[in-house]
Amino acid sequence: MTFYFVSIATYVGFFMIMALALNLQWGMTGMVNFGVAGFYAIGAYTSGLLSVKAGWPVEWAMLAAPVMGLIWGAAVALLSIRLREDFLAIVTLGFGEIVRLFVLNEDWLTEGPRGLRIDARPLGGMLDRDQYAYFYLALVAVTVLIIFLISERIRRSPYGRVLRAIREDDVVAGVLGKVVLRYRIQVFALGGAFMGLGGALYAHYVQNISPDVFMPMVAIFIWMSVIVGGAGNNKGLLIGAGVVMALLEGTRFLGDFMIWLDAEKLSALRIILIGVLLIVVLRLRPRGLMPEEKFRYNP
Amino acid sequence: MTGPLLAVEGLCAGYGKGDIIKDVTFELSAGSITTIIGPNGAGKSTLIKTLAGVVRPRIGSVRVDGDDLTGMVANRMAAHGVAYVPQEANVFRTLTVQENLEMGAWTATDTRHERMEHVFELFPVLQERSAVRAGNLSGGQRQMAAFGMAMMVAPRLLLLDEPSAGLSPKMVGQMFETVRRVNETGVGVLMVEQNAIQGLGIADRGIVMAAGEIKLNLPASELLDNAEVGELYLGTRQ
Amino acid sequence: MFGADGAALQNAGGDAILSVSGLQKAFGGVQALSGMDLEVRRGTVTGLIGPNGAGKSTLFNCMSGVIPPDSGEVHAFGRNITGWPSHRLAPLGVVRTFQLSRELGRLTCLENLMLAPLAQLGERLLPIFLQPGAVAREERALYAKACEVLEFARLADLRDEYAENLSGGQKKLLELARALMLDCELILLDEPGAGVNPALMKTLEEIIITLNRDQGRTFLIVEHDMDIIARLCDPVIVMTEGRKLTEGPFDLVRRDPTVIEAYLGGVA
Amino acid sequence: MGQVLINALVNAALIGPPAVAFSMLFGILRFPNFAIGGYITVGAFAVFAFNVTLGLPLVLATLLGMAVTGALVWLSDEIVFKPMREHSPITLLIVSIALTLILEQGVRLFWGADVRGFDLPLTRPMKFAGMRITVEQVWIIGLALAVASLTHAILRYTRIGKAMRATSDNFMLAQVRGINTGRVIAFTWLYCGALFGLTGTLGGLDLVIEPLLGWNLTIPIFAAAILGGIGSAYGAMLGALLVGIAEELTVLVLPSTYKVGVGFIIIALLLLLRPQGLFGEAQIKK
Amino acid sequence: ATAIAPKLVLGADPINVGSLTPNTGGGGPFGPNIAAAHRRVVEEVNAAGGVLGREVQLTQENSETNPETAVRAADKLINVNQVIGILGTWSSSVTLGIMPKCQEAGVIQMCTSSSADIPAKDEKGLVFNFQALSPVWGDAIADLALRRGFKTFSLMALNNDFTGSMIDAFAAKVKAKGAQVINEPFFYNGGQSSYRTEVEQLIAGDPEAVFIPAYVTDFTAVYKEIFRSGYEGQVISVSIATGDKFKEAVGEAANGLLHGVPVPPIGSKAYAMYLQEAGLEDTGEVQHPFGTAGRDQMSSLLLAVEKAGSTDTAKVAKAIWEVTTGPGKKEVFSVLEGLEAIRAGEEINYSGASSSVEFDNEGMVLGRDFQLTEVQDGKDVVVERLEFKG
């Protein structure tokens, strides 16, 4: 049982990384990113392919993932300079799908639908199975912490203030001399980098990735984490990630109590329950469990 | 019915926690104009929104012509003859000027054409721009459209929130003149104005609001002459 | 046309820091600007008046990079700024307000103001991590300044309120206060007085006058309140139908029959 | 090439009506409602139940199915969305995704995941000038056109339509002018619900009835509506046509596996040229 | 005759077995059958006194046909339920997706997936596949199709691993036998809003026959489109896509369709037993191609546990071969028969409902018959059969 919790905690960690990144892009800056799964995939495949096919040391491969995420984040932001919020939604959604189609179809590179087996992992072979689980959890936790601190610093700084101003009204921000485009690109790229790193950590943890992993559903879970936690609030969405995972996993144990249901009905019921609980949570806490805090300067 | 057209008693209302307007009581007699003045954030718009049914009252009562309309939602208020022109967001931006005016006549479609003629006479520029979406009007034109919408029905009570803001001096004069003429047909008018001199100029009574409360409620001419009021709210004292 | 007064005016102001020539802008069939010309001289508080729909706000939009003009040129501080994006203007020294206030709703009043000043160190990504001390110091200075401006605008009590929760007039005040936070030499105000309580507006006028006299800031003000124009502005430019009608000291302009006919009506 | 056009037209006709409905709902409630997938699926199964289980003729079953779906969609508003009116669009978006999961799985709970079809034999195409089209497809196209014109006429000329546009523009002001916004919104849900029910039938005819039917249509619908400019009935139809054509033409240059992706790229390019959508109007705030 | 059947030993730890089936998503039409079959076997065994005197405790999870969810489900089965084996994965991406976790924890996997990567990636010899690998399918179906005399083919397939290698094998066989593949074989994605372009592309060269390996959901939509396109040639697919539900959904238009599949030994004893257990009538058609495998998975696992006398997975894995594979042993057709025989000290060879269940040394099933079927009057009629020759 402990190991189950350790591994679930690790998955929560991935969600947290992704949610922090999304919060930076959307919660703080107002840039809708429906292509979360695409960035996740970019990170996962970059690191996976570099370590499996190019023979890079796994640590280097994992560091290349955020770089790749950064580049693509900047590219997507540049492409959508002129777009309104809802259009950014389609462009990013499309981006996520294209990434998935790419890994699905370019099997000469990615192994396509067969999936990529990744045996390499950091400190692989030096720890036994139990120790390794703890080690990886620690690795993910440290990453979450670092990204959290960076995000918090941004949020509390004048930089974060500009981001929120852009979120509210980009024309006003422009008239006040803020180079809106630069901020948008920086933030989207930074978020992309965090997502890339999240993808890399995920890939080397599950050790087998395939295009099916990066379906839009993953993006939906990340969005849920941010919304349930409280958009704009980094602490809140850490909780949000936990809550969403608890919903996803907790409902698994349903079967232990409702043994009279057959597997198909049970799995339908489980997803229905996730949906209902989600609606209830949002109904009770529309701005999330921990809404964005107001800033009070008291120097 | 010989009582007042509008009777407000002990009204409290607000948005989040805490009341913005506190224990407001006043009456407006039929066929009269009352102008509310006061500093920014005094709660003038909140009061008028509460009377229009946009903000829910927490305590107190609102009666129009003896009917208890307390807590009634805005569309039913409108059906009861209350016409309201908001301070902000007062036109349908994506509808054309003409459609906006038609929306003004929602509760009284029969006299729509004459009334529209009348509004166009008043503000010829609206006729010129009648096919333009209201969101693309200039600030003042938009204000005319908003006012014009309220002119599309024959209300019992007209609630105006800063109708003169953004209008050119010439138009301000015309607008107040129109209000006066409408009033003469027996419509009660309650109006918030920062242009106090002119606003009070056509009014029977003036109310000074500050910090959510009614500070003074006097005949308009007395208020205009009141030195303290002049200094604090009108900026007339040098 | 203005004789001696016109000459006096020439001397009163310095060189033109903002000039617009032949500006045209059409929306579909509506010619909002049709060859607008205008000069704003350094150190003046210039008024811009004209009937509703004359094209004043459109002119502001074209000058501040919010929309591109169809033709014509805009020069500021000796540079041709036609078609520049708005974020390049503030560093050059031009800032504007909006007629319908555009507050940043879910920022507090204080934040709305602290956001405004240009070239803040803390607005760049690396310094917030590498020079936290300097950023904090800068923030303290901004904070002090913002508090001061909030005080003037009588918004001090609301400093931690979200701007979306302000009253209509308060939003206009915030709009003005935000522009005053920037150290811009040229400030364009679109109807700062509309909806603001006249007593308070007087205080604000004093601030504008102080900024103009003591710091040499230049203002271009669109306003329909003739008292404000009379007290603040010299010269006054009148526009109708997308172009300049006349220009001069307010006392002269207000007696111009064409101006009375088009704009003032019987009242003023 | 002609065939490509016909194919694109059929695609568009399938996506068009729900895109119109999506666009209307977006316009009036200000959030992208991703529960459309669930609604369409429910619609398809409702029609299936009337048509196959109860043995009613397809046309009648469709009408009944549209009514049922309309009612259900309206009910979903009463129960789920109405109490959340004030909340941010993205929160509502997430809620609508949760709702689509519930609807889809609810269908699965009753009917399982098997594929199904209506009681209507498949037909071979009619041929002319080397192009092919089936009777069903002609119907689909005709219905789509009818829906677009009807919606346009309602919005433009009827009282309720004007009330809908006013409500979608400025909710508070609409109330102030005396419009019963609650009733307007209820009508909008019912109308759009009926369109989703219709899409259930058309989708079931063209593709296959199964719980994910609606989900598979969601993204093209979303893209078409946005592309057309929110709130415009003809815009949504034209958006659908462009999405259809984009996807059809892709295959001429790239492996068809990239079809969906290229559709997106073309949409992105179009939006870069015309950021407000095809029929949307740019707004300049002053 | 059950004198030796032991009663459940009270207080003994149960034997934990996990079932991870695609109850929703792409495998949704098949998962529930597999899950139900697993449960039936376990119930039967428990009712008869369990294995090694211990109760078998079954935990069932839904993979959603999605490796991301499946990995977490597997995590739960491994760490919470402490299962010795995870049975029933269907899609290759799921089977491969959970493989690292299973290998690390030493958990046996039993699947019906067809990716050729499965044996390659199974480093510990813990994976047993109850399904022929897809190249075998492609080869066999091509062989059967060629016997019908077609000379030109066009190919397209749902884009997944299962169909990918099948198409290659099919094309290779076709060419080897002197017929032609006239298009550049291509893939399409499931879950699309239309398949018109794909069909257009497929029939462009007017081939005599088209081969489309796919899953039932997308194939139904594709087939309708082919029919509506007016294509008059022969459509060939795999039987998993053309079951009863498919025929109901497309109605008469299904007539004339050819489909091939590795078949349970129809008419065999175990298959008949399966039909009875599942409450199905014997229609002479292939029913529950994967449910049958589910039965065989659970049966062979439990037999192997009994045989190994322990739940040590390495030993159990070895015992799986012992109870299923090899000549000269007593043939058993159900788990109870087998348990009885093992307890009686006999060597057994389990013959299943999905196949005779013989594994090669990589754990891949060997003995599968193939059959080509034609839909006539809404019914499957066998036209060719390719029997597995041991």
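Note that the chains are named A, B, C, D and E in the order they appear, and that numbering of residues resets to 1 at the start of each chain.
FYI, contacts are C-beta pairs under 8 Å (C-beta built on N, C-alpha and C of every residue); 3 or more make two chains touch, one makes a residue touch a chain.
From a predicted model like this one, the values you see are computed outputs, not experimental measurements.
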item	value
Mutual neighbours - chains that touch subunit C and subunit D alike	A, B
Chain whose mean Cα position lies farthest from subunit B	E
Chain pair with more C-beta contacts, B-D versus B-C	B-C
CA centroid of subunit D to CA centroid of subunit E, Å	38
Separation of mean Cα positions, subunit C and subunit A [Å, integer]	44
Centre-of-Cα separation between subunit E and subunit B, whole angstrom	76
Of all residues in subunit D, the ones touching two or more other chains	105, 108, 112-113, 219, 255, 257, 260, 284-286
For subunit A, residues contacting two or more additional chains	101, 104-105, 171, 264, 268, 271
Where subunit B touches two or more other chains at once, by residue number	136, 138-139
Subunit E residues touching subunit D - in the complex, by the definition given at the top	23-24, 28-29, 32, 159, 186-189, 191-194, 196-198, 200-201, 216-217, 220-221, 224, 227-230, 245-246, 248-253
Parts of subunit C lying in touch with subunit B, wherever the complex brings them together	27-28, 30, 49-58, 99-100, 154, 158, 165-170, 173, 191, 194-202, 224-226, 262-268
In the complex with subunit B, residue positions of subunit D that touch it	162-163, 165-166, 168-170, 172-181, 231, 281, 283-284, 286
Interface residues, subunit A side, partner subunit C - complex	150, 153-154, 157-159, 161-162, 164-165, 167-169, 171-180, 186, 190, 292, 294-297, 299
Complex contacts: residues of subunit D adjacent to subunit E	3-4, 7, 10-11, 14-15, 105, 108, 112-117, 121-125, 127, 132, 134, 136-137, 206-212, 215-217, 219-220, 247-248, 250-251, 255-257, 259-260
